[in-house]
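Two complexes are shown next, each including chain A; its partner changes from chain B in the first to chain C in the second.
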Partner chain A sequence: MKNPLSGRIIGRVISYVVLALIGLAGIAPFVYLLILSFKTRLDVLTVPPDLHFDWSTIEENYRTVIHDQHYVTFVVNSIVVTGLSTLIALALGVPAAYAFSRLRFRGADTWASTILSFRFMPPIAVAIPIYLMIRSLGLVDSRVGLILPYVAFSLPLVIWIMIGFFDEIPREIDESAMVDGLTRPMVLLRVLLPLARPGMLVAATFGVIFVWNEFLVGLYIVNSSDKETIPIAASSLLTVESPIDWNIAATVGVLTVIPILIFSMVVQRYIVRGITAGAVR
Partner chain B sequence: MLGPAALYLVAFSIYPLITSLVRSFQDYNQTKATWRWIGFRNYEDLFTSSEFWTVVKNTLILMTAGVSIQVVAGTALALFFNQNLRGSAIVRGILILPMLLTPIVVGLMWRALLNPQWGLLNWLAVKMGLGYVGWLSDAHVALWTLVLVDSWQWTPFVFVVVYARLQALPQEVFEAGSVDGASWFQRTRLLTLPLLMPAIVFAAIFRGIDAFRTFDLVYGLTNGGPVQATSTLSFEGFQNGFEFQRYGYASAVSYVMVIAAAIGITLLLRVVRVRRMDVAT
Partner chain C sequence: MATVSFERVGKVYRDGTRALVDFDLEVGDGEFMVFVGPSGCGKTTALRMVAGLEDISEGEIKLGGVVVNGLHPRKRDVAMVFQNYALYPHMTVYKNIAFALRVRKTPDAEIRERVETTAKILGLSSELGRKPAQLSGGQRQRVAMGRAIVRNPQAFLMDEPLSNLDAKLRVQMRAEIARIQREVGATTIYVTHDQVEAMTMGDRVAVLRKGALQQCDEPQRLYEQPVNLFVASFIGSPAMNLVQARVESAGERLACTIGSQQLQLPDALVARLPSLRGFVGRAVAVGVRPEHLLDATIAGDRGDGSVLRGRVVTTELLGSEVLAHIEVEAEPVVTEEVLEVAGDTDRALAEDLRSEARERRTTFVCRFPIETAVRPGDDARVAVATDKLHFFDLQTETAVRGG
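Let's look at the complex of A and B:
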């Protein structure tokens, strides 16, 4: 006779084992990278890696990357480029999304779809002309040269996300504010922006993720190391063909993951909200 | 209010896209930096080159195999997490991470795990009696390794979308089902999965378009090799454009992609209405 209670307990245990395995599959590559970054060049070759760590090795690896390879410069570049691109994309995208949401003009939906479709265009299709354009503008090797295309890449998503959030705010709110004598732009600025703040955070989160990781276009726009963002720098430090010291490569990897880790903990709920926008109805 | 965003997109999205189209009918002379009109020759070269068809095949395999795995595994994860086990919130947090990661670092991590000499996975494969696997060096295996790593990174996306939908379903449906004595499998197959379908379809098309554009993972993991075994359309366009400076040919490659992507986007827009998206919270 099967005992239903013990059957349920076994089921639970299996569930928790599966849960642990899922977590392990997700995190193991990160842990492995971290372990490698604690090793000397030769110790990397030991499989499986032993878990004795030497503080001076760790210090040396991280000092090499942070100090000798000017990692801080890349972090600063990434923050400046990501921050400015995202801000400009919001400044352009939010009013546009408001217009799409509130003003009934001819072909509004077609235009909105067209803008959204840019989000899904293969970047390589515009990468070459954009590179040639930036080059002819004399902006190669400058932060502006990166920011200009990055704004264009994040703008469609910002508009898309914001239309959704503005549509959720009842029109009566605008109308009563306009009865009180506010103009449309003032309504947006004074009344709707505070209400749409969660939407702007979702939009900003996705803009940040995109720009922070972009390197297809950036790779050729920037070619001196003091203008490189983290992924561009990482890609030149870690290309498949160049010989690498794996402990140093792993250290670069860990230092690239840390800002993302912190960011994801702060904005996790906006990420989930943004991904599921449009999927649930 | 629409003006600034529209102007910006015209300058940095539409104009480059049109330039690409024009360039695809031209030939770039590197030494003189001039363009010459050559009609459909780039396209002729393209469609008669075996390299192009290899790359098309790779892209399609990556798309179909990768997205299938991700949809099945992501949906399974969503159903699994629906048990609301204790500690599952932490594992969900871990699962968000791979999606946010700089692709270069994803490549780095996995190149370490899959390293032929000291990588952890080969050690495990040998220990478990599977023998040595040329994950990245064997031309028959490398593309599947790419599928695997892509799935590690993007299964969580499908999971997040489907899970949000699952959480939003009315509980009464399931209660009625279990009162009627239906087993878990019957309830899942007949009740839950049909209700989840819109989210699954959305995630699949969204991932499909993104997988179609895969560039960074190839760049970070295999650089297209061995030979052409893991090159994708985006990577082919990138190599021809930026590395070999065959801008005209690369533009033709990317325009084939633009047209294919346009078809995918049209499909996606059937599923997602741009206006009136509901946002899951």
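Let's look at the complex of A and C:
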């Protein structure tokens, strides 16, 4: 006779093993990257890497990147561009989503799905026309020139995520607030924004991750190294130097991931709550 | 406080659906008006039009004599209690109640005073610091009420405010809302689909059907003098018994034939409804309330031709009385109205009514005293209080009235 309890334990063990494997597959490259960034140029080539670390090597690698390669400049560029374009995308996208969720106007559904379809297009498909437009605006090699297209890329996602969140909030809350004495815009500002905050964090996170990693459009627009964001800077580092210093490249990689990792950890609990808030009533 | 008047108000939705037709009504200053009707009758639409949450397609709505058709909800100075309460989940009870006052930039000291007074009326004083999620259903309902009464508006609008509460709490809040309304003396429009709520709470009750006002009267008049078959079957629980009958003349007197049985109509009734003579030889719908059907073995047969014979189908013991369901050989009234009321309560009920009609039998619900000896399966004799009969024209479905 089969013991149902042992069956359940076996099932649980199997699922944990599978989960662990998936987790390992996801995290292993990053761990490897971290290890490489702790090595000297020659030790990098040892496979598998030995786990003996030398503090002076680590210090040198990171000093090289942060100090000699002006890494701080790139981080600042990335933070400014990512932060501003996400904020602008939210400022435009949230009221738009509110309108799509609440107001009845001609072609509302068509417009909403059209906006989402913009998101299906890979940025590189429009990189050249965008470059030409930015150039004719005289914004090549400027932060504004980067922010404008990034806002355009983030907007559809912000609008779509926020429509979902607004749809979850009962219309009666708006109506109640209007009867209580608020205009539509004030209803959005004073009543719905606090309620939709988890949604805005989700939308912001997707926006931030996309802009932080965006490379190809940025490559067209930015020419001078002091305007480069991290992905562009990292790639020029790899292509300019020859032969490639893999330990330095790995250090750049680690430093690229760290800011976004910190950001994700800070908003993570809101994201998780936000996602379930969208699913469960 | 102010009067609310509807003048030939109509509502047509964008897809062409008509939610309200030629709605004419005046709610007096301080009056408690109830809108009642089955789902989709336009009662909520009418209420939302007063609040400004629905456009007014036709006619005019006036608040205190001023036309408010194009006015934004915030400028109408009305307060509304929503079915799902629509509390602001991120604000405490205090802030929820104070919200409308803060929006209107009322001084802080006055807000505090008014919120505290309101909380006292509603028994919420100890809950002011809590959030809606921490409250019970009844407490949330009170907060929703509090948000309305703290404002001292021109009119209260309530959209089925008790429908989310359990039965016991609903009865309790029903009394409480009626008390609060009297205390603050506010003009109130209260929407419900529950006719018991309508009858117990309203100064006057407006019965709506398919966007049209059927009758607006004091509850007792609505019960005693329904203007048509719809109102007759909608108001009252258990509902009025309706059966097809034929009016006949027996010498100077009138009688009505129900199936193969005949009821003599008392002269007083005929004198009250002289137009009944015009129906001689025609089929009509006869209505009789359950309390006007008596157990003949207890009440006694007065020998004046007022007894119906039938078979007891079931009995419902209610403690103080017995509801006896007695089947009589006669054709039931199956009009669109009656089916609509039955179908609104329970789909199966409308189906039962149709099968009864096919088999030409009608079940009468009778309110018998607890001493009654009738048991399911018995043949029973029912004494009809014939002076309390209602007659309806089967073509127009309107009541046969005096004159």
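One rule holds for everything that comes next: the second predicted complex is superposed on the first by the 242 of 281 C-alpha atoms of A that agree within 3 Å, B and C clash if a C-alpha of one lies under 4 Å from a C-alpha of the other, contacts with A are read in each partner's own complex, and residues count from 1 in each chain.
Keep this in mind: a contact is a pair of C-beta atoms (placed from the backbone, for glycine too) under 8 Å apart; a residue touches a chain by one contact, two chains touch by 3 or more.
The shown structure was predicted, so the numbers you read here are calculated from the model rather than taken from an experiment.
Peer 1: Following superposition onto chain A, is the placement of chain B relative to chain C best described as a clash or a fit?
Peer 2: Aligned through their shared chain, the two binders fit side by side on chain A.
Peer 1: In the superposed arrangement, does chain B or chain C reach more residues of chain A?
Peer 2: If we count touched residues of chain A for both partners, the winner is B.
Peer 1: After the superposition on chain A, what is the angle at the C-alpha centre of chain A formed with the C-alpha centres of chain B and chain C, rounded to the nearest 10 degrees?
Peer 2: Angle at the centre of chain A: 90 degrees.
Peer 1: Can A:I124 be said to touch chain B (first), chain C (second), both, or neither?
Peer 2: first
Peer 1: Thinking of the overlay built on chain A, is A:V75 touched by chain B (first), by chain C (second), by both, or by neither?
Peer 2: neither
Peer 1: Using the touch definition from the top, say if A:M200 reaches chain B (first), chain C (second), both or neither.
Peer 2: Neither chain B nor chain C is touched by A:M200.
Peer 1: Which partner chains sit in contact with A:P170 here, chain B, chain C, both or neither? Use first/second/both/neither.
Peer 2: Second partner only, chain C.
Peer 1: Figure out whether A:P185 sits in contact with chain B (first) or chain C (second), or with both, or with neither.
Peer 2: A:P185: touches chain B, not chain C.
Peer 1: On the A-aligned overlay, A:I221 touches which partner chain: chain B = first, chain C = second, or both, or neither?
Peer 2: In the superposition, A:I221 contacts neither chain B nor chain C.
Peer 1: Is A:V44 touching the first partner chain B, the second partner chain C, both, or neither of them?
Peer 2: first
Peer 1: With the two structures placed on a shared chain A, what shortest C-alpha distance in Å links chain B and chain C?
Peer 2: Between chain B and chain C, the minimum C-alpha distance equals 18 Å.
Peer 1: Quick check on my understanding: which residues of chain A belong to both its chain B contact set and its chain C contact set?
Peer 2: In chain A, nothing is touched by chain B and also by chain C.
Peer 1: Quick one: which bits of chain A touch chain C in the complex? Just the residue numbers, please.
Peer 2: Contact set of chain A toward chain C: 104, 170, 172-173, 175-183, 186, 191, 194-195.
Peer 1: In the complex of these two chains, what residues of chain A are touching chain B?
Peer 2: Those in contact with chain B are residues 15-16, 18-19, 22-23, 25-27, 29-30, 32-33, 36, 44-49, 92-93, 95-96, 98-100, 103, 109, 112-113, 115-118, 120-133, 148-149, 151-152, 155-156, 159-160, 163-165, 167-168, 184-185, 188, 209, 212-213, 215-216, 219-220, 230-231, 234-235, 238-241, 246, 249-250, 252-253, 256-257, 260-261, 263-265, 268, 271-273, 275-281.
Peer 1: Would you tell me which residues of chain B are touching chain A in their complex?
Peer 2: Residues of chain B touching chain A: 1-2, 4-6, 8-9, 11-13, 15-17, 19-20, 23, 77, 80, 83, 85, 87-88, 90-91, 93-105, 107-113, 115, 117-120, 123, 152, 156-157, 160-161, 164-165, 168, 198-199, 202-203, 209-210, 212-213, 215-216, 219-223, 225, 233-234, 237-238, 241-242, 247, 250-251, 253-255, 257-258, 261-262, 264-265, 268-269, 272, 274-281.
Peer 1: Could you please specify the touching residues of chain C with respect to chain A in the complex?
Peer 2: Going by the criterion above, the answer is residues 14, 51-53, 72-74, 76, 78-80, 82-84, 86, 88-90, 99-100, 103-104, 147, 151.
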